[in-house]
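Below, subunit A partners subunit B and then partners subunit C, in two separate complexes.
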Partner chain A sequence: MLGLLASILDGVLIGAVYGLAAMGITLIWGVMDVVNLTHGAMIVAGMFAAYVLVGAAGVPVYATLPIVLAGGFLVGVGLYWLSVHRVIGQPPLMSLLSTFAVNLVLVGLGTAVWGTDLFNVPASLPGFSLGRYTFPGTHLMAALLTGVIALALYFFLYRTRLGKAVRAVSNNREAAELVGIPTARVLALAFGLGVALASVAGMLIATMFPFTVLSGDAYQLKSFVVTVLGGLGNPTGALVAGIALGLVEGLTTPFVPVSWTLVIEFILFVVVLITVPGGLLTLFRRRRPA
Partner chain B sequence: MSEALLSVESLEAGYGEVQVLWGISLGAQSGKLTTIVGANGVGKTTSLRAIAGSIRPWGGRILFKGEDVTRLAPHQKAARGLALVPEGRQLFSAMSVEENLEMGAYSRHGARRYASRLERVYELFPRLKERRTQLAGTFSGGEQQMLAIARGLMSDPDLLVIDELSLGLAPLVVHLIFSTLKTLKDEGLSILLVEQNVHLAFALSDYAYVIAEGRLFTEGAPDVLAAKPEIRRAYLGL
Partner chain C sequence: MNAKGGIKVGNKHYKVRFVEYDDQSQGGRVQQLYTRLILQDKSQFLFSPYSSGLVATAAVISEQYGKIMLIGGGAEGKTYELGNKYLFQCITPADQYLSGAIAELKEHNPHAKVAFVYSDDPFSKAVVAAAREQAKQAGFTEVLDESYPPSTTDFTAIINKIISSGADTFLGGGHYSDGATLARQLHDQKAGMKWVSILVAPDSEKFKTLGAAANGITVPSQWEPQVKYKPQFGPSIAEFTSEYTLKYKDLPDYHAASGYQVGLLLQHAIEQARSIEPDKVAAALNKIDATTFFGRTKFATDPGHHGLQIAHQMVLAQWQMKGGKLVKEMVWPDAARTASVVYPLP
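What follows is the complex of A and B.
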C-alpha cells in the first residue's frame, strides 16, 4: 500500500515536469495557432545542453537551468524568425511541415554528434524517506523548480505589460496591432518562451532519467497528451494535466509492464478528446450564463 | 483650408484578386469630425483598414501629420497617434476591461500620463469603471462599443478613427455614444467616422465624404450635401 502511494507521489513529481514541457507547446499554440514540432528536439537540446555544461564545462547541475532557459529562449526566437514567421496565418500544414523539417535537421545533427547511445547527467541530491521508500531528491527538486517557473510564467502573463501584450496577441492579433503592439515581435517572444520551457523541462528530465538523442519523440507525445488534457492554449491546465498524467503513470506502473504506459496514456487521450474536447479543466469550470 | 491631419490620395486597395477601392481621396482636418458615408459594400471599411494599415494599399498615398505612412504596419501608425476603433469592436474578449484599456495605451504615444487617461476615460464612460474587472467578452454590444472607443482613447490619439459606430446597437445607446463623441470633439479631438446612420452623422460632423462603388461620389459640408436631391434620395430617405 505504501509502495503504491509512493509510486503515485513520485508520478506526481515527474508529472509536474511533463506539465512544464507541455506549457511550452500550449503557450505557442495559444498565441499563434502553431503546433511546434521542434518541441521534442528542444527537450533533447535541453538534455544535451545540461550534459555538456556539466560534463565539459563543470557547471553545477542546477546552475545549468538559467543557462538552458536563456539559451532556449534565444534559440526559440531565432527559430521563429527562421521557420515560423513566414507561415503564420497560413494553413496549419505549413507550420507543421516547417517545424517538422527543423526537427528532422536537429535530430539528424544530434545523431551525427552523439549517436543514439544512452547518456545521463550525474545529479544527486539527498532524497526524502517515507518508510521503506525513498523519493529521489532530483525528482523533488525538479517538481519544485517546475513550480517556481510556472509561477514566474503566470506572473509574467498576468502582471506585466509585456505579458499582457502576449495574451492580447493571443486573444485578437489584429486588434493588438491596432493598439500599437508589435505583434510579430510578441509572437517571436512567445515562441522563445515556449522553446525555453521545453528545453528547461528537458534539462530537468535529464537530471532524473537517462536519455538519447531520440528521446524527444516520446516526451513530445506526452506533451501533446498533456496539452489536450489541459485544454489547448491553457498553461495552467497544462501543468495540472501534467501532474494528472504523472499520477496515472504512478498508479499504473506497479501493475502493468512499463511498455504499456504509453498505451494507457493514449487511451486516456482519446477518451478525453471524445468526451471533453475542451480539456479536463472545463469539467470544473462553472458555465457562464449566456 | 486648414492643414490636413490625414490626407489620403488616390487610394487603391482590395482583397485577393478583388479590387474594392478605385482611387479614393479624402482627408481629415485637425479638431474636426469628418464622416464617411455610403451604402454597404462600397469600401468604407476597406478604406479605414487601409488607412490604419490592417491591409496593404495597392496604390496611392496616405499622409499622416505630413509623414508618408502608406506602407507602415498598424502598430507603427498607432505609435504615431492614429487609433482605429475597428468594425465589430475587436476587443480582447478574454481580458478584463482594465486590461483592455491598458493595452489601448500600449503604444509609446499613450504610455505617458496613463493614470490621467484612465481617469478621463472612466469619467466619459462610468459604466466601464463599475465593471473594470469584468471580462470584455461578457459585455453587451453597447458596452463593448464604449469599451472599444475607450480603448482607442487610451493611446491619447491625434486622430480617432471609428468604423461603423452604431452598427447593431440600440438607438438609446447610439445617442449616448454620439453625445460622448460630441464632448470629445468639443474638447478638440479629431475624429474620422464611418457611419451608416447618415442623419446622425451629418448632424454632428463638420465635413462628409460619400463613397459609392469604391470611388468618391461627392464631398462637402453636411448641410450642403443634405440639400442635394440625389443625396436626399439615396442616403437620407427623403
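What follows is the complex of A and C.
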C-alpha cells in the first residue's frame, strides 16, 4: 500500500513537470494555431543552458531558472520572426514543416557541439522518506517551481493588460487588430513565452535526470499527449493533464509491466480524443442554463 | 597504416580507404547505407554498425553480397545461428556479459535477491536471459523481472517497484542514457541496493560525472586500459592507450578498443591470406586463434554458430572513490584485478 502511495505521489510530482512542458506547446497552439516542432529541441536547450551555467559559470542550480526563462523567451521571439511569422495564416503543414526544419538544424548543431554523450547537472536537495521510499528533493522542488510558474502564467494571462491582449488575439485575431492590438508582436510574445516554458521545463528535468542532445523527442511526445488530454490551447488544462498523466503512471506501474504504461497512456489519449476532444477539463465545466 | 605503405599482400601493398556514414541508429538507414557501401562505394570489407539489432539488419546485406563483416559492436548471439558465412564477432557474446558480476557477487552474498531491470532491445534481453539462468545456478533469488522501452527517460516508478520487491541486487540496464539515468535515480531514491551491475553506460568516462551516484557501480567490460594481455601482433595495450589518448584527448573505452580490434584482425587476416578475395580472407579469419591488445580471439567454425566469438573474455569494472576522485578499477577476474571489490555499495 505504501508502495502504491509512493508511486502515485512520484507520478504527480513528475507529471507536474510534464504539464509545464506541455503548457508551452498548448499556449503557442492556442494563440496562433501552430504546432511547434522545435519544442523538444527547446527543452534540450534548457537542459544544456543549465548544464553550462552550472558547470562553466558556477551559477547555483536553481538560480539558473530566471536566466533560462529569459533566454528561452528571447530565443523564442527570435524563432518566431525567423520561422513562424511568415507562415501564420498559411495551411498548418507550412508551420509544421517550418518548425520541423528549425528543429533539425538545432539538433544538428547540438550534436556537432556536444555529440550524443550523456550530461548530468549535479543537483541535490534533501528529500523526505515514506517508509523505504524516498522522494528526492529535486523532484519536490521541480513540482513546487512548476506550481509557481503556472500561477505566474495564470496571473499574466488573466490579470495583466499584455496577457489580456494575448488572450484577445487567441480568441479572434482580426477583432483584436480592429481594437488596436499589435497582433504580430503579441504572437511573437506568445511564442517566446511558449519556448520559455519549454526551456524551463528542460532545466527542471535536467535537475532530476541525466540527458543527451537527443532527449527532446521523448519529452516532446509526452508533451503532445498531455496537450491533447488537457485540451488544445488550454494552459491550465495542460498542467492538470500532466498531473493526471503522472497519476495514471503512478497508479498503473505497480500492477502492470512498465512497458505497458505507454500503451495505457496512448489508449487514454485516443479515448480522450474521441470522447472529449476539448480536453479533460471540459468534463468538469458547468453547462450554462438555456 | 597508409603512411607505412598500406597492408602488405604478397608483393603488393594495398592502401586503405575508409567510407563511413551516420546510420542514426535506424534499421532502415542501415539497410540503405550498407547496400550503398557495397554497390556505390565498392567496399571490399565491412565493419558492423553499433548494437545487436542493427548488426542483424546489416548482416542480411553483407551475406547477400558475400562481403566479410567484422562485428565490433553487436553482442547478441542469435545472428550467428542463421548459417552466415562472412560474419565474424570480435567481442564476447551477450550471454556472458553478467557472468563475471554473478561470480563475484556469489563470493559476497550467496543468497542475493536480484531485480532484473533491462531495456527492451535484443542485446539487453539476450544478456538478461542468460544471466537469469546463471543467477539461478548461483543460488540467487529472482524477485523482479521488468523490461522497459529503450526510450524511457524516468525510472521513478520502476525504482519504487524494485524497492517494493525487497531486492538487494540490481542487474540490467541497456545502453547509455538509460543506464546512467538508472544509476542516478537508484542513488537519488535511496533504493538500498548492495550490488548494482549496469550494462554499457558505466564503461564511459562520462559516467563519473554522476558523482556519488556512480560510486560502487559495476559494469561488465570487453576491455579496459588496465588489462594485462601479451599481444602476438599489433600494438601493446600501453601503445594503443597512449596513441588513442594523444589523438582524442580521452581514455579509450571498450567500444573504441573493439573498433580498433576489428581493423587489426582484418589486416592480419588479409596478410595471412595473402589475398583480398573474400573466401580466402574468411578462411584466414576462421583459423585465427590469437591474442592482441584486446585479448584472445577465436571464431566458432561449426555451421550452427559460424563467426560467434568463443575465446574473448570480459572483465568486471567498478567505479570506486579514491582520494575524493572516482576511478574505474578491475575487480574480476583475478588475473585482471586491480582492486578488491567494494561490497556492499557505499
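Throughout what follows, the second predicted complex is superposed on the first by the 282 of 290 C-alpha atoms of A that agree within 3 Å, B and C clash if a C-alpha of one lies under 4 Å from a C-alpha of the other, contacts with A are read in each partner's own complex, and residues count from 1 in each chain.
As a convention for this text, contacts are C-beta pairs under 8 Å (C-beta built on N, C-alpha and C of every residue); 3 or more make two chains touch, one makes a residue touch a chain.
A quick note: this is a predicted structure, and the numbers were derived from the prediction, not measured.
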When subunit B and subunit C are modelled together on subunit A, clash or fit: fit
Which of subunit B and subunit C A:Ile181 touches, first, second, both or neither: first
Partner with the higher number of touched subunit A residues, subunit C or subunit B: C
First, second, both or neither for A:His39, with subunit B first and subunit C second: neither
Which of subunit B and subunit C A:Pro254 touches, first, second, both or neither: second
Spatial angle subunit C-subunit A-subunit B, Cα centroids [nearest 10 degrees]: 150
Minimum Cα separation, subunit C to subunit B, after superposition on A (Å): 38
Contact residues of subunit A, present in both the subunit B and the subunit C interface: none
In the complex, subunit C residues that touch subunit A: 120, 146-149, 151-154, 156-158, 160-161, 163-164, 176-177, 180-181, 184-185, 188-190, 192, 201, 204, 206-207, 209-211
Subunit A partner contacts - residues on subunit B that touch it in the complex: 52-54, 73-75, 78-79, 83-84, 86, 90-95, 99, 102-104, 106-110, 138, 151, 154-155
Of all residues in subunit A, those that touch subunit C in their complex: 3, 6-7, 10-11, 14, 116-120, 122, 124, 127, 129, 132-136, 138-139, 208-212, 215, 217-219, 249-250, 253-254, 257-259, 261-262
For the subunit A and subunit B complex, residues of the former touching the latter: 161, 164-165, 167-168, 171-172, 174-183, 288
